[in-house]
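These notes are about the structure you will find just below.
Chain lettering (A, B, C, D and E) follows the sequence in which the chains are written, and residue indices restart at 1 in each chain.
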Amino acid sequence: MQGGAWLPIAFEVVLLVGALAVLLVAVVAGRDRRFWGPAAGLAFAGAALAGVLQWREVSTSGAGLFFTAQGVSFAKSPMVVMDGLSAFGAIVLGLVGFVGFLAAWDLVAKVGRRGPELVSLLLLSLAGLHMMMATPNLVVIFLGLETASISFYVVAGFLRRQKGSAESSFKYFLLGSLASALFLYGVALTFAATGSLTLYGGNSIRDFFSSTIVTQPGILLAGMALMLVGIAFKVSAAPFHQWAPDVYQGAPTGAVGFMAATVKIAGFAALARIFGAGLVSQVDTWTPIVAVLAAVSMVVGTVLALVQSDVKRMLAYSGVAHAGYILTAMTAGVAGVPAMWFYVSTYAFMVVGGFAVLSTVSGSDSSKVPLDDLKGLVKRSPEMGWLMTFVVLGMSGMPFFAGFVAKVFSFVTATAVPAPWPANDHGYLWLVVLGVVMSVVGLAFYFRIIGTMFSTPDDQAELQEAGLPVRFAVIVSAVITVAFGIVPWPLIEAVRDAFPI
Amino acid sequence: MTDFLWLLVALPLAGAALNLILGKRIGEPRSGWFGFGLIAISFVIGFGASLGFFAGTSNPQTIYLFSWIPAVGADAAILWDPLSALLTMIVTGVGALIHLYSIGYMHGDDRYPRFFAFLNLFIASMMILVLASNFAVMFVGWELVGLSSYLLISFWFTKPEAAAAGKKAFVVNRIGDWGFLVALMLIFMTFGTFDFRTIFENAPAMFGVGAGTITAITLLLFVGAAGKSAQIPLYVWLPDAMEGPTPVSALIHAATMVTAGVFMMARSAVLFELAPVSAGVVAVVGTLTALLAAVIAVAQTDIKRVLAYSTISQLGYMVLGIGVGAYAAGVFHLTTHAMFKALLFLGAGSVIHALANQQDMRKMGALRKAMPITFITMAAAWLAISGMFPFSGFWSKDEVLAAAFARGGAWLILYVIGLGVALITAFYMTRLFAMTFLGSSRWDEGVTPHESPRTMTVPLVVLGLGTVFLGLFNTPARHAFEHFLEPAFSGVEQVEGLSIGLISTLAVVAVIVAIVGIIIGLRRYNTEVLPDETGAFWRRALAAFGVDDLYGRFLVAPGKAVADWWASVVDPKVVDGAVHGIAKGAIGGGERARAVQSGQVRWYAAVVAIGAVALVVFLLVLGGGF
Amino acid sequence: MTVTVTWYLVLAAALFSMGAAGVLIRRNALIMFMSIELMLNSVNLTFVAVSKHLGLIEGQVAALFVMVIAAAEVTVGLAIIVAIFRFRSSANVDELSELRG
Amino acid sequence: MPVLLLLVGLPLVGALVVGILPKKRPELVFPVSLGASTASLAVALYVLWEFEAGTPALQFIEDLRFSTILDMGWRVGVDGISLFMVVLTAILFPISIAASRSVTDRVKTYMILMLVLEAGVLGVFVALDLLLFFAFFEIVLVPMFMLIRLWGSDNRRYASMKFVLFTAAGSAFLLASIIGLAVMTGAQIGTLASFDIRNVLAIQLSGTAQLLLFLGFAIAFAIKVPLFPFHTWLADAHTEAPTAGSVILAGVLLKMGTYGLLRFNLTLFPEAAVRMAPYLAILGVIGIVYGAAVAIVQPDVKRLIAYSSVSHMGFIVLGMFAFTTQSLQGSVFQMISHGLTTGALFLLVGMIYDRTHTRKIADYGGLATVMPVYAGLFLFAAFASAGLPGLSGFVGEFTILVGSYLSFPVMAIVAGSGVILAAIYLLWAYERVFTGATNPKIEGLKDLDFRELAIMAPLVVLIIGIGVYPKPVMDRVEPSVELILDRIESATTYQVPLVGRSSAVVDIEYGEFDVHEGGEG
Amino acid sequence: MAEAIVFIIFALVAIAGGLTMLTARNPVYAAVGLLSTMFAIAIMYVLLDAHLVAAVQVIIYAGAVMTLFLFVIMLIGVDRAQAYGDRPLIQKAMTGVVAVGFFATLVLAGREVWVTGSDAFGTPDLNGTIENVAKELFGNWTIVFLASVMLLTIAAVGTIALAHFPSGEEDGAS
């Protein structure tokens, strides 16, 4: 790693520099978004590029660890790791971030002078999220988690004079802090039980398990459970999901896609990192819990989405259900990571695209989007209507849309590895059956959305044309949804290597 | 000539198609003549091909046309033997005459070409039935005649009765067809083929007399035959079928289609020989049908309904003939009946035509003078059906009764009943004849009866000749008819012949019975004033003993009630109810879960905390932490 | 009676539970937030105790980071609370339940 | 040349072209759509023409593996069974599109959906990859949902949602089973999963696994068929759908269910199929009687035809699980026939609906006087549907009944009663709609015009054509169903009943008889 | 022994502070309760030889954080006693169950072993002096230390964005 010595932290560096540049430009050149906007865009694109470079490096030279001091041996704990998981995550985060940023472009205009702050928060949150997946150190994971969370608390409440936005922000903040505390306590208990804060490397948790036979795992198990709670909260898996609908509904529509998508990416990557890599020897203990979380998420998310009348809430609950499907993949342990990646990376674009469309329909600063807002969308704006149809079909898991392949991949994975509890060779078959059943129930509201969009509008007024960046974001999301539905195999082959080391 | 036999089907079919599509352009009389011509040509072809059988020089043969359903080995092929030849001649012959008759009868109808199209279609169907070389193809014809019959009965569909009658005919026929269909399934399972020749050659070797399988097959076949040939309990459609134009009644419901059942059973004679039980059932049902229909016929006032019940009654005779094993006799009666019954119907049609569509016999009378040709030909038919020597009906009916008598034992009961029916027949036919042509005129005002046009009377005359002389082909002295048919019944044991003396005695008895019936009838009805017929018996018989009502009350209504119940309760409430229940459950669950989502941040925190505790406990339990 | 590491850990657990109880039971946004701070403190105590027990200085470093994070959180959190409640005369979180279902 | 890709792709290309047609040229939409589906028909006919009869082998195989981990890909091919499904689909679509001239609202969307639907259905019938099959099987829901939702009549919201949820509920089990099967297959060949039907065919399954997978597949297909008691979606969907939707729904969508049963349940799980056959056959028989009985009392023409479909599809299922050459061939044939006859009926109902906007039987009466040609065609279609010999319906039902009797005599007899009921419901409906005095409300309606006749003509010709001469169809179907029976016999102890194989059907001699002298037998 | 006495005293102080925070009607009292807990914990750090941490605890928590809290309490003006009012019984019960249950579960889980190895402190010579901590912090953890820059930036930017209301600014709210 001669030339690329800084490569492992390039993602964060680019974003940090980008954020500072945005703030600086805003101060120096003026707060008009045209001045600092390009800098932000460049930062997101640069981050994605950094991810690509990392990916290339990983696939040619193998995974690498980053140490602050030169010449530190592997025996010491690394703080940054660059492997398939983090590199792939960097690409996905970068791209989703970029698209999400474009989707938030109209919102940026709405918040006026505070635009640079908003965008720099988004940029930094992305860096924090990547930290979660690019480190083997539990404290650093927590640091990344908090970095991202705190910026999202602010973003959610950015329209502070809106009641919804404020409430959303407060709820997110309070519950998020609670979950963070739980997660952190989990880290502390794990530290107590294993004597290490690092997942692997020198003197790590993995080492601990390979050298010690744990006879009294009580505290360790409690620690694991609490860490799982923290992550489940972040990815909005039931029963830790309750914040999600309220927050997504209240938060400014233009930025919800960004928040919802990226946090899921990082959350699941962290899950893969902590449990798939660090606690891999305990896999038989934690997969049943993941399975239960998955089951509850699928059921709760789907059933609650059925009875919503607000599209944002619907999508939020559908996000809960999707968390369940993704967790289903993770029941296979580390073998589930490729399926998880496929799901998360495609779903993230759908989320961004979906909320971007909602922001064009009801305004990027809206905090409520009743289903009736979508009435006749296809007629009022064929472009948005059809693209939203694709996105929703993608979410619903219809074949030839990415969601379908993702689901199948996830389900296949869950059944491919023998399950410890209830012990059998066919993996979590019951979970898969539940999953497909819930997919069907979910069709009820997805098709309700589609039906509403295709119905005759009450007034024939054409929809106000959305800004070019937002349209671009929607188009990219829809294209990705369709493209990876029809041609999924490049991504399938790619995620095969997106493992944690 | 046998190379052209396929034309027997093709020509009428082509006629039907052309008349259907181009009929309007061809115009009124021409389309009729066109249809008639095709049938006449068919008759010529059929007759020509039969010559070999008359001469006794040719053997039966099967002619392969094309493979139809290979899976069940059903080929479209023609079985050309005397039986099919005979039926071909009857169908095309009588058919041609009726076409001719219709040219005049249907004059002025809006849908004149269509009528001939349907008639042609009927002939084609009948030919498929008759010429079939296997049960499957026979079934095709069997159903298609049902279709043609439906089309023709409900030809005047604007009359609700006509439409209902057509439907009733088709549906009741289909009930019989069900039996036939099941018979076919059993036949295929038993023999692995539908081919007549293969089955009839193998059946005696495979099964002994009385074998269960064959009994089942034959009984089922009889169910089919009962539908087509209007036997108890499926005869109810035939009287209603009189709603159709009269030529239709003559052709379909007297001469040809209704005899299909008899034909089919005769065709399956080998099987019936192996199943004495079935034969007994057939004989008993035939006799009872003959009796019941005759009794009902006595009280009818509509001229066509009398004839309809008379047809049912005569069909009973034919079926009796089959049942007692006198296949040739049964078929012989079929042949003569085709003549005189067609004649009766056409004559009736002529009368109805003359009286401006009046069908009630109480409004007729004294037509002798006005319609001489009709009167004379009808008289021949009347005597023939009454069993007067030497008209054709006498010979054929006698043959059947003699066969029943010859079986002896319990079969004598059937003979006695048959004889009784002959008496009743003579009586009610005399009643019909007298009320129509004799006595005083009771026409509606303003009606001036006149003889029908030439196209209508020519067929009457031709049929009249047949009625008079056809019987002479098959006298006890000279069984020309039976010899002609012999190759068709090659696998069947012949009924032991009675001595000539006994036969003569029976014949004399039969003639006496007929004369008695006629005399009673003439004395009662050849009067100025009609006798009062409003007594209990007359009312019940007129209403056909309420069998239709019975069916309506005990079959149709409950069936419909069940269907209604299924459609209005089971489907929406039970089947769909379960579905809606699930949906409601999901949405109800969602609504309830929504309440949990209270918006209270403390509550959310509590859920998170409880979840965390639960997760910790769960993991501890699972991982052995406790 | 020597003080073992378990004493500290049990104390930390107790404080953590009390913090959790505070989040659940108090209606005042500020006190809820304080409870979370208490939870973080107890975690820190755990870190430091384990650090001492195992001879790993990492634990103390972790505790320092947690403090930094907590400080940042407090800043933002209080900003949010101020933004919401500055014009009201209460910090009752139960009033914030418009988004629900 | 990738013929089948062309077959499936052409409608999609058509849909794309329609999608990008300029808004100013609405008159182009219709010809382009019709052209695309006709082009697909041309390809289908080419396949039919080039298809080699007399062999059970899959033909026109295209095999492209996309993913090594999941072992899925574009694997398609046709055999005697799918061949005719493809042709039927390819025929019905141009007809339906041509029959959609009366659609005036959002024509472009409508045509796009129709073409996508066509591609989906064709895909189902050619797919040899389980995942590909499922993908096509499921995607069909989307255009169909929209067709009902957007162009349906009054109760369309309910009907469309019911349609989607019902059929998708079945698909859920299908997907779960497919995944289970694919994973088991993958485990044996060393990938994560394998969806290639050839690999799947090669693996050994335990009895329980077979049974469970069989049930999973069967539920999905039973709902699609629909088999009693999963039929209630059908009536609503058919009734509310626009004409073309009903035609396609009844004509080809239902066939996806029976096709699936034949292609997957019988082929992949012979043991379980033998075990479950009586139960499915019973459901089929119940469907025959129940559907027909309920059809009798329907006050709505479309509902009536919908329930008749339940009845007819019951025949297909009965035949399928009777495991004889005859019954299986009959089933396949009946699938084709039902597509044609019911399609014709729905087209006809659509034509009159366009004129009067009512489907209630009570709103008609004496229509035959006003529209004689229409009445004639309707009667023709009704009789074809009721299984009148000489028309296609008879060949199918007759063969099914004869073949099924060999295995399930009682059921075949009961099923035979469906023939009576069919006559009752169709003729009674005909009587009420067409005969009697003319209802003043419908006086003055125009009889069918040339376009409508041209739409009906191919169906009429085909119904008569394959009814009179079904041999070309049968010859191509037979080897494929024989192969299925071979598999069943070799995989289980089950023996096909006597004469249940085409080789056991007696050969017939033609020519003159040897007359037995003396009348002795 | 002396250590034990100190521990027990300050543990009691910490718990008492926690209980005060839980129950005090007036937010100011609650803050004071928390403050005392924090001091107690700082004493614990001293007992554990983590001197730097103890110092930072006092400076950041007791000094900065709690001051901030008190300031906000005053700012919002909620420094009056608040009735618990209609707090439902179920909420109380649930809270009790959760808190006690959580504590009990943990104690149960760790009843035998909380930490690996001996229960006693393994390395009494470990001293959390500034030097020791700094060595670790600026050695192995440098990158993390630098990464916390982002966190602080966010905190600054976020606070400004939320709390800074320049006059007449429209922020899209309606």
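Just so it is clear, contacts are C-beta pairs under 8 Å (C-beta built on N, C-alpha and C of every residue); 3 or more make two chains touch, one makes a residue touch a chain.
Because the structure is a prediction, the values reported are computed rather than measured.
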Completion exercise
Overlap of the chain A and chain C neighbour lists contains B, E
Problem - chain B to chain E, fewest steps along touching chains - result: 1
Fill in the blank from the handout: Farthest CA centroid from chain A: chain B
Exercise for the section: Determine the chain that sits nearest the middle of the structure, using the mean of its CA atoms as its centre. Expected result: D
Practice task
Have a look at B-C versus C-E and report the one with more C-beta pairs in contact.
Solution key: C-E
Problem - CA centroid of chain D to CA centroid of chain E, Å - result: 70
Completion exercise
Between the Cα centroids of chain B and chain D the separation in whole angstrom comes to 35
Problem - Between chain A and chain E, centroid-to-centroid distance (C-alpha), Å - result: 29
Handout entry: Gap in Å, rounded to a whole number, between the CA centres of chain D and chain C
Key = 65
Problem - chain E: positions in contact with at least two other chains - result: 91, 94-95, 98, 102, 105-106, 108-110, 114-115, 141, 144, 148, 151, 154-155, 158, 162
Practice task
Could you check chain C for residues that touch two or more other chains and list them?
Solution key: 9, 16, 19-20, 23-27, 32-33, 42, 50, 54, 56, 58, 61, 65, 69, 72-73, 76, 79-81, 83, 93, 96-101
Completion exercise
chain B touches at least 2 other chains through residues 594, 597, 599, 601-602, 605-606, 609-610, 612, 616, 620, 625-626
Handout entry: Full enumeration of touching chain pairs
Key = A-B, A-C, A-D, A-E, B-C, B-D, B-E, C-E
Practice task
Report the residues of chain D in contact with chain B in the complex, numbered from low to high.
Solution key: 162, 165-166, 229, 231-232, 235, 290, 293-294, 296-298, 325-326, 329-330, 366, 368-369, 372, 376, 383, 388-390, 394-395, 398-399, 401-403, 405-406, 409, 412-413, 416-417, 419-420, 423-424, 427-428, 430-431, 434-438, 468-471, 474-475, 478, 497-499, 502, 504-516, 519-521
Handout entry: chain A residues touching chain B - in the complex, by the definition given at the top
Key = 170-171, 174-175, 178-179, 182, 216-218, 220-222, 224-226, 228-229, 233, 239-240, 242-243, 245-246, 282, 285-286, 288-289, 292, 300, 303-307, 421, 441, 444
Problem - chain A-touching residues of chain D, taken from the complex the two chains share - result: 66-70, 106, 109, 131, 134-136, 138-139, 141-142, 145-146, 149-150, 157, 160-161, 164-165, 168-169, 171-173, 175-176, 179-180, 182-183, 186-187, 192-193
Completion exercise
chain C residues touching chain E in their complex are 1-11, 13-22, 24-28, 30-31, 33-35, 37-38, 41-42, 44-45, 48-58, 60-61, 63-65, 67-76, 78-83, 85-86, 88-92
Problem - Footprint of chain A on chain B - complex, ascending - result: 586-587, 589-591, 593-594, 596-597, 599, 601, 604-605, 607-612, 615-616, 618-620, 622-626
